[in-house]
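I've put the structures underneath this note.
One chain, subunit A, links the two complexes that follow: it is found with subunit B in the first and with subunit C in the second.
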Partner chain A sequence: MANTLLSLAEKTFIVHGVDDNYRTDGRNRSEYRPMEVETKVLPHTSGSARLRLANTDILVGVKAEVDTPYPDNPNEGKLEFFVDCSANATPAFEGKGGDNLGTEISNTLTLAYQSSHVLDLTTLCILPQQKCWKLYVDVLILQCDGNLFDAVALAVKAALYSAQIPKVTTATLDGGKADIQLSDDPFDCVKLDVGSFPVLVTLCKNFTFIQIGENCVVDPTSEEEECSAASIVVAVMPNGRITSVVKTGYGSLQPSTLVKTLELAKDIGIKLNAGIMNALKEEDELGSQREIFGFLK
Partner chain B sequence: MNDEDMIRVRLAVHRTNTNLSNGDHGMPRYYTPGEEVCSQPDFMRGHGTYMDDNDTLRASVAGVLEKVNKLISVKPLKARYQGEIGDVIVGRITELQQKRWKVDTNSKLDSALLLSSVNLPGGELRRRSAEDEQTMRRYLQEGDLICAEVQNVFADGSLSLHTRVLKYGKLSQGILLKVPPSLIKRKKVHFHNLLIGANLILGNNGYVWIGASIHNTDRTEGGFAQDLSRIPQQDREMCARLRNCILALARSNILLTDTSVIYAYDESTKYSANELLQPEAALDVALLTQQRLGERID
Partner chain C sequence: MSGQDLVSDQGLRVDGRRANELRQIRVRMGVFGQSDGSAYLEQGNTKVLAAVYGPHQPRGGGRGGNRSGTGIINCQYSMAVFSFSAGERKKRPRGDRKTQETSLQLRRAIEAIVQVELYPRSQIDVFVEVLQSDGSDYCAAVNAATLALIDAGIPIKDYSVGCTATIASMGASEEVDSKDETGSGTGIVDANHMEECTGATTLTVVALPGAPGSNYESDTDNSGLVVVAQGTGARLHLSRLEGLRQRALQGCRDTRVILDQAVRFHLTTHDPHFI
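Moving on, here comes the complex of A and B:
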């Protein structure tokens, strides 16, 4: 992602390590680095989360607004992703530098959430053809230390989990004009059912510069990303179903390895989903009096 | 699914505090920008401080206090590297220019390594010709890591480097770590061949190099002949452990010397190398290291 320069010897060391199933930081190929999540960090949003995966730092805010449904899908709400790569993360993101990566990530997210098994957009509809909820999911990349896709998807899931959409008390058509009223009580909210929301699993493959094996690596550091020619980003639902597969990088893949990779991604995706859901439930149990750290610790 | 197989996501509420200076461990006090350092008038204002309207000396950076007689300065915890002549640095080639390489050394400006201040392979001594200039990329290309000494500091703060001694030169297989330069203790020796079988370079600029292959210690070629063979698993494990130990020390702001690194390595043996990535284990290692360092001074 961000341009990390590596010498030939360093690359050799990393690639041989991947081959030996012992990476430079002591992890094996399918191990994640420690990660940390916190929800409701931004009080002005409907839902928000901050996720840190080693030094990768992601902040997500969800905002719900009333909008008109698309004429093609009058019974459906809207979901929109936007990824902003802050120049804080790396100077390469300055100006328009991060735009390509941001679009790539938001497109991958859109693709992952497109299936009706994931998020039933009809639940976001208030009045068919007239009013619906539009969810803006804004992702801010504050620091990047590899594996942006996985971290962003986890943060998005956490933010959607914490999102609270105001309850609509009355929704009537008054002479062709929609008339909706929201509940007066700000705590009277609807939560999204994240039970089937996917996470992204990136599998870094094709360490082609020395031809060895068909190993793929989970949760790559930025140095490992630099050594890999192609990665597969798989969106996995908690029940193990795959909603989208995206290949990034210039390298190519054999069909047979792709199938194996998808199997692996499925297993890891199930675990990752379980991990984030456990953490979110644990945080929920701490109650509303929980201290919010944000960036002040 | 057993417990080890799970992916654990932590909560910010349960974050481990890696700062050791909260207790009475004898760690120095940190000053924050704007904090009063001294209100007596007979002190001299050094780097990292300023005088406010009431003639109170205040810190302008976050860091620790340094006092030399009457001169008071605050040394920032995290800052870019400011070079001094004679420093050992580890750097990465970023650009090739006429007769010089540009090197990233974690300072504000890229440093320059002149073609005339490197040893040619084979140790040949002669004037550098135009032909040498054209083959510069064969010696060092973009991305290569080098170890060098600061030869000169220019007025704008940029550095001129040299690798005129055989111990300097291109680095081979291993791991580069980046830590704040203030954590590297200035010593006579910055090259360490540790007993456990790794070579460690603690660059003054905050770049730390863990060399994997000990067989490369013979550096008569200036590192230009690179050994790209496979590193044995045992050495690899040692490098990974060393890496995680150094990062654990750096996270808890413990000065890096060969002693502190070895102590941390010894204390870490109860964990596996990948367990040291967890903040609890890292803090434990840092605490035990600091205790041992304290005992040594007593």
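Moving on, here comes the complex of A and C:
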């Protein structure tokens, strides 16, 4: 990611390939690279997933904690994203090197999940003003080979899909003090309804040499990212609604191109959502006795 | 079995192991394509990823680079925020005092085996990420880092192997007649998180156990150079130290055999020319 060095000739080659709708790895402009997803890789968390998109490697752990609601939203639970760029990905992330990128990704995720159409936070409330669930979604970036936003959002969705929150058996107010009891059975759990959770679609635009080109590329490799001046990260819900749009990079866009890009992002987002849900359902059908490979495969 | 005892009357520990028994070690080398070397290691429920970058030109020109005749080793140890088994969540993955100290200890362990004189004006980065922590994290980190170095093809003198030996705090402060100790040592080896939390005294040892040679069979002699030794927990009577050290060293030797097998397996399955 940070150490992709390209010469002018290499960049020209990549950009001409994009123009001809035939990219350096043989894909067309709107094709994704193959990905692998596995859930429940971390047995000590409430939910977890590992996603590999080519060489991009993401590990997500979800932990649920009982917390007090915010005073201005007493009926709502909390959802917090944290993205850690591990130095394992590239030495540039050592120390505080990955903090900026991590914050950028976690802010984008927060924006994407902020809409009440996506996740109704009131479902995470246990006792108004007293107790609620706080979901910590912790993302660990282990390797990056382009398209971090899409990969992270897919992994987050998979991890939230596998998340199991303990059932609350009793929740009473005793003299103004909240008293809650969780179910003793570890399998007695509530699952989140991920049916409306968005995925992020990154569209790489404005390739350095083609100032007027309208071609945009989906699922860019790190080399393609290096050639692009601006990209748009769109959060698309499974029904095609867009919850957030973020533009990254230094380049600029014409308003008319933006509208076309959003249309394209919507179409791709719907397909991507369907794809990840299919994969997760397929994994579910293997049952609880399936072997968990994790990093040993 | 009382709360203080680490070993029951039947000679079994909380997870059913014997006192000198290691947890299951599972290894995979070359997990990442982009780093020069990488390894994933599981010791029971402790899961660790290590990546090695280099040797390369040192970064950070402001510090004047590396003008010395030997290479520099740069280590970072960090724990994923979801790594704790006990439910709670870590605030920051790195930068706190404990992980910084562990980074330093890790560097000591790596510097002992890498032939730095072969790499003047260069730097080797070793990054370790703990994905799940269940006791003996530092030892797992050292073992994984060693495997990642091997995967990167960096010449090393020997395996750097870490192992812990733990003794219940009740017995730790009592004097023993050191002549009673016959070779095998005292305490339990490779403690998990639950055993570490009983307030026991733990001796962490990183050693270069040496290849299993002629003196390996008679492990009563003190083969194996200790590189890093660190004690934590309650106080320990000096007469107990020898027994604890022997137990930890035996653990190191056992671990080395397992790691060596894993390396040979990795090389033979991935390289058809290897005989």
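Methods note: the second predicted complex is superposed on the first by the 292 of 297 C-alpha atoms of A that agree within 3 Å, B and C clash if a C-alpha of one lies under 4 Å from a C-alpha of the other, contacts with A are read in each partner's own complex, and residues count from 1 in each chain.
To be clear about the criterion, contacts are C-beta pairs under 8 Å (C-beta built on N, C-alpha and C of every residue); 3 or more make two chains touch, one makes a residue touch a chain.
Owing to the predicted nature of the structure, the values given are computational and were not obtained by experimental measurement.
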In the superposed model on subunit A, is it clash or fit for subunit B and subunit C?
clash
Have a look at where A:63 lands relative to subunit B and subunit C in the superposition and call it first, second, both or neither.
second
Hey, is it subunit B or subunit C that touches more of subunit A?
B
Is A:247 touching anything from subunit B or subunit C once the two structures are fitted on A? First, second, both or neither.
neither
Examine A:87 and indicate which partner it touches, taking first as subunit B and second as subunit C; both and neither are also allowed.
second
Quick one: classify A:271 as touching subunit B (first), subunit C (second), both or neither.
first
May I ask you to decide whether A:167 touches subunit B, subunit C, both, or neither, giving the answer as first, second, both or neither?
neither
Answer with first, second, both or neither: which of subunit B and subunit C does A:95 touch in the superposed model?
second
With both complexes superposed on chain A, which partner does A:142 reach: first (subunit B), second (subunit C), both or neither?
second
Given 4-12, 22-30 or 40-48, which one is the stretch of subunit B whose C-alpha atoms run into subunit C?
22-30
Contact residues common to both interfaces of subunit A (with subunit B and with subunit C)
297
Please give the residue numbers of subunit B that touch subunit A in the complex, ascending.
1, 5-13, 15, 92, 94, 142-145, 171-176, 212, 226, 228, 230-231, 233, 236-237, 239-241, 243-244, 272-274, 276-279
Any idea which subunit A residues touch subunit B in the complex?
5-10, 12-13, 16-17, 20, 22-28, 31-38, 50, 54, 154, 268, 271-272, 274-276, 278-279, 282-283, 286, 290-291, 293, 297
Residues of subunit A touching subunit C in their complex?
42-45, 48, 55, 57, 59, 61, 63, 65, 82, 84, 86-91, 94-96, 136, 138, 140, 142-143, 145, 294-297
Which bits of subunit C are touching subunit A when the two form their complex?
26, 28, 31-35, 38, 40, 42, 45, 47, 49-51, 53, 59, 74, 76, 78, 80-82, 84-85, 87-89, 93-95, 125, 127, 129, 131-132
